[in-house]
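Below are two complexes that have subunit A in common, paired first with subunit B and then with subunit C.
The block that comes next holds the complex of A and B.
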């Protein structure tokens, strides 16, 4: 155990023991420990294995910035245990090893593979034979990597997303962040501070003299009305002051009028041989181990520092009884040769210019970098200050300010050499990706001579630290190798997230904005199989055989919920004239109480939707659209009237109204049982629209026949739909009434050769080649939308045609299957079904216009062989429409 | 009968032995929650739900979809009538909400402007309680109320009458939004309540 006697200001509560398991063995901890501190206190020094060479790695930063302490916690890989509070019962495991964390067989790659694994080796070494690549890939992925996701794992933790609006958001709750917050609050602004530490205070919290200062600042902030949230990680800064902040399983989406970045500094490693050995750490790590968790980090320490941080760490270590054997202040001297030596991956000595000092702890501090990552993401420029070896943010975006050390207020640190030692073990620029100065020089020699290219080729700065600990050293290394300055090399693009966060948090809570009709639960009660159609949930069918449901419509009476149809009211003195302009055919001459079919084309003459138009009175038309077309057509009408300024109003009534199609030979009888209105052929003829009352509910009855039988499409207020549906089923029971779903409807409409827009047409379809030239009325007073383009099609001559076909052999082609003529692809099948009524396989297909004659022949590939189909023009079922008009 | 009578749920009447009763799009959700219903002004209304007192201690959610809603064009002049809430969408359009019992009087008061009875068009989900604001923040960025815009990926309106929050969305999205709101509310200890409990719980 390395735990010290109780110390003033420690963060652990020794009266609250907590226990968890690591690799199956119990570990005792205290409330206030992190998993990392508890493991360290229990004697664990190897926390992870490196990405490529499987070198053992230990705690390096203790602040959640590096990749060294990533473990699997309760099934979640890549958890930084140094910053994860311990919870009773946690199950913690190491990751990325073969054997054990302490004896990883894959470490052989460090001993033997080094010369064979330069950057990009897998592009060069594993390319032959080509077909073995999947095997190589599997091997490489297993050998490298960052933990393993449980493929069968389910999302267990709940995540929430919450929107917040503030006047000032301060990112970073250290001294300067809290002071800025207090100032803004004193000026009357609403202020929130987010800090990634366990509480606000930043670097003050690991400074014995600073803890009181931090407490005082927090108290002043609270008194000023500042909201402080910690731990809370700002993931990025986006346009318009949008800052997502991760607070455990809650994602706060801040929209701030002003953003103050007070993110402090990122401590930097130095580059020398053995700089990744266990026991080599950054100053804050050493300080936190002592000051937060009362742990003695080692017995003998060496400190090499470019600023006061190392000296402060040395002071802390001394109070913990650590012998500080050597302190090298790089501001005073820069030894040309530093080397850390290890045994089994653990530091045991430090050699400075050939003089060896025994040590199990080495605190290294390069020039502390202002934490400007978020600012760079937001668009600030980051400029190198050669005198201090730091990158400083400049040219901040509007409404963003930076304060404290993040602004470059870090004193005058020494500028360390790019590499401080040249003999001994490997020295690392990028710990996450195991990249050395040699690797970077190799990449430059291969032509990857910009830092952005190097990032992609060597993956330097692309690991879990997100460039925090390697960006400056990589740039320095590049500058030295190329003989230019750091500003010439430049920085890599900063991208969110600033700190890795679980994808589940960014994705938010799973939600599917399904639309359901007012009859949805009646369909479920009736055993319907529900399917998606666009955003809607609709019944596919109610039984195992859709053909039976279709037959019931032919023989008795069926009900289908067509509430999803778009329903638009078009009203006003110019309503008829308006419709004449948006439809190819004419509506101004439609008689009150009549219905007409219409297709809408875009400017380019392509078909975009279809439906019916009924005239309710002189100035009022009731337009239906396809189920997916409602919103688009409503907007389409509005856009065009913004051009024409006609005296007409539109209202989208899609949700307000339910629609039930009652179809089949017994439908008239059923209607008369529910209504006192006259449903005779004389009173409501085919293509009539009538106001009726059904089961006490006012409805608009449209006598139309998409499914090819006598039928009434009832449009009524949605809240009354269940009542009417139930009444229809109850009072039609002896007539054989039964609901039918979309699948039987598709069979029925195909028997009539009725087109479904989007299924039988595509984005190129026009009225002529979709076999609807009868809709084109070029004698209208005004240009209708798409007229010119439609005329172009007629003028250039038709190439394809939508036709009906039947399959004489009974073979069923697939929808989308290729039409083959003389061995060449010449069209496609758009719809196909088996009709029980006709006992045939029938369908619609786009074929070359030469074949668009009754009896025309073409082949379709079915199960790999060409099968002949025969073109049939006209309706397959009831070609004269006698049943519709009956 | 007007050409648009089929649009009004309130135009239904007893006929040929039928007794039409209007149902909210959320009827099934409240039923699943064990709600007791009463017929009020032609609607089945969820008046109480088991556990509603406990839910209201954090956030209680109910269904006010039975309210009458008119779309009126132009928006001005605004009706200043007790119990009538006007949500102005633009200079040209407003939504007017009122209890169904007052629908005829309100319609009359709207005069000869272009008025559509959209009482069947919306789901109105209302919630109140100490965590109501948290629920709202977890479904939408809208915060200066009343407002219209995106709510949990669909378009809708948020109103704040008398200490309650109303989320108004197309009725066909009602189930979805009810699921979302209930999910957020239950994570905070809340849940469904009847309309009477909400009326007592909110200051309305």
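The block that comes next holds the complex of A and C.
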């Protein structure tokens, strides 16, 4: 155990032990530990295997920046355990190895394959012979990538999204961030601070003298009314002050009038042989191990630093009883040759200019880089300051400011050489992707001499650290090799997200909204099978056999919930004239109390929707649309009138009104039992609309016949729908009333050849070729929407036609199946069902116009064989419409 | 796209509360030729810069016009259309 005696200001609560498992073995920790600190305290030093060479890697940053501590936690791969608070019962496993974390068989790639795996190696090598690619691919896929997703894993995390509006959003809750927040708040602004650490305080938290300062600043911020959220990571800065912030499984979508970036610095590694050995770490890592978790990180330490950070780390290490054997301040001298030597991947000694010091800990600190990633994403430029070796943000976007060390306020660090040593082990520029200065030089020699090309070719800066630890060193390496300065090399494009976030958090809406009618729970109680239709949940059928439900409508009486129909009230002196413009046919001449079918087209002549229009009085029309078309048509009407300025209003009553279609020969008897109104053929004829009272509820009855039988479509207030539905079922029991679902409705309407928009038509369908030329009324004075394009179809001549067909052999083609004429694809089946009433397989199909004659023949592939079908024009069932009018 | 658009009725709104229906077009006054109709139905200027567009506000269910810079997403102004005098 490397845990120290209790220390002042430690972040662990020794009275709260927590236990979790690592590779199946129990690990003891304390509340306040991260998984990484607990493992380190328990003696673990190897935390991961590197991407390419499978070199053992240990804690390097302890701040969630580098990729060295990525593990699988509770099934989620690539979790940075150094920054993940430990929870009781966590199941933690290593990843990216064959064998074990401590003895990885894939490490052979480090020993033997090194010289053979320069950048682009497998693009060049595994291309020939072509035949072998499937084999290569299998091997490479296994070797590539890091963690493995659990394919059987459930959708474990529920994510939520919340919108927030603030005047000032401060990103980073260190000293400068909190001070800026307090200042803004004092000036009366509403301020929120987000910080990625466990609490606000930033670098102060790992400084023995700073802990009190941080607590004081937090208290002052709270007193000033500043909201502080931590841990919370801003993942990007977008237009209009939009900053998404990840807080666990919650995404806060901030809109800020002003954004203050106080993101601090990113500590930088130095480039020398063995700089990736276990025990080589950044100053903050050493400080956190000591100050946060009271761990003695090692026995003998060497510090090589470009600024005070290394010295501060050395001070912390000394208080923990670590012997600091050697401190090299690069501001004083830059030794030409530094080499870290390891045994089994762990630091053993450090050699400086040939002089060897035994050490198991090496704290390295290059020039700390202002954390300008968010700013660069937002459009700021970063400019290299050669005297201090740092990239400083400039030309900030409007409403964005940067304060503190993120602005370049980092003192005067030394500028380390691009490479500090050449003898010995590999030295790494990029730890995530295992790229060395040699690899970069190789890429330059191959012609990939810009940093953006290098990024794509060598993948340097493209690993999990997203360039935090490698960008500066890669640019320095490029500048040195090419003999130009860093500003000429430039930086690679910074892109969101700032840090990896779960896809679920940013991949749109976590919920799939469902609409349910006011009768939904009745359907459930009746045992309906529920299906999706657009946003709606509707009954597919109530029993096992939809055919039986359909027959009940033919023989007795059925009820179907059609509340999903769009219902739009169109009112005003111009209502009739308006409908004349948006429909191909005429409505201004529709008599009060009558109903007419209508199809809506766009100016491209394509069919958009259909429905019925009833005239309630001179200035009031009741328009129904298809179930999925309601909102679209409502918007469509408003859009046209935003240009026309006709005296007409629209009210979308889709949700307010329920609708029940009562259909079948016994429907008149059923209505008469429940209403004092006259339902005789004289009082309410086919295509009449009447205000009636059913079971005491006022309703609009439309006598229409989508399902081909005598029927009344009752539109009534949604809250009363259950009452009416129950009354219909109760009082019709002896008449044989039964509910029917969408599937039987599809059979019934097919028997009549009635089309379903979107099923039998598509985005190419026009009125002529959908066999609805009777709707086209070109003698209207206004150029109705779609008139010209519809006329052009007529002028060019018809090519296809929507027709009915039957299957003489009884073979059932699939919907969407190809219509084959003379061996060529010539159309498609749009609908097909077996009709129990007709004892036939019938359907609708789009066929070449030459075949659109009664008795026309075409083939359809059924189970790989061509099967003949016969075209039938007109309705299959009740061709004269006698039953509808009965 | 993460801009705010100022609905003339409802004030600044997040994009999901609105629907952008694309750049405004001008419908032919008289029967167009095939070419004119195709141009009106299918062709857009696809402006790089400020263009006039139709927007629908799902809150107040009203249509309005906006001038938006398609490069910067800067919405210059929004207004309800007025009938031609």
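Following the convention adopted for this analysis, the second predicted complex is superposed on the first by the 835 of 886 C-alpha atoms of A that agree within 3 Å, B and C clash if a C-alpha of one lies under 4 Å from a C-alpha of the other, contacts with A are read in each partner's own complex, and residues count from 1 in each chain.
As a working rule, a contact is a pair of C-beta atoms (placed from the backbone, for glycine too) under 8 Å apart; a residue touches a chain by one contact, two chains touch by 3 or more.
Model, not experiment: these values are computed from the prediction.
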First, second, both or neither for A:520, with subunit B first and subunit C second: first
Touched partner set for A:676, first subunit B, second subunit C, both or neither: first
Which of subunit B and subunit C A:764 touches, first, second, both or neither: neither
Partner chain(s) touched by A:792 [first = subunit B, second = subunit C, both, neither]: second
Subunit B versus subunit C as contact partner of A:603, first or second or both or neither: second
Touched partner set for A:589, first subunit B, second subunit C, both or neither: neither
Comparing the two partners subunit B and subunit C, which touches a greater set of residues in subunit A: B
Partner chain in contact with A:656 - subunit B first, subunit C second, else both or neither: first
Partner chain in contact with A:717 - subunit B first, subunit C second, else both or neither: first
Which of subunit B and subunit C A:643 touches, first, second, both or neither: second
Shared contact residues on subunit A - subunit B and subunit C: 163, 253, 255
Subunit A contact footprint on subunit B (complex, rising order): 1, 3-9, 11-16, 18-25, 27-28, 43, 65-66, 71, 73, 114, 116, 118-122, 134, 137-138, 140-141, 143, 152-154, 170-176, 179-180, 183-184, 187
Of all residues in subunit C, those that touch subunit A in their complex: 2-4, 14, 19, 21, 27-28, 30-32, 34, 37, 40-42, 54, 56, 61-63, 72-73, 80-81, 83
Subunit A residues touching subunit B - in the complex, by the definition given at the top: 158, 160-165, 253, 255, 509, 511-518, 520-521, 536, 563, 569, 571, 616-617, 620, 649, 651, 653-658, 674-676, 691, 693, 695-700, 715-720, 722-724, 727
Complex interface listing, subunit A residues touching subunit C: 163, 238-240, 242, 253, 255, 602-604, 634-635, 638-639, 642-643, 645, 652, 783, 788-789, 791-792
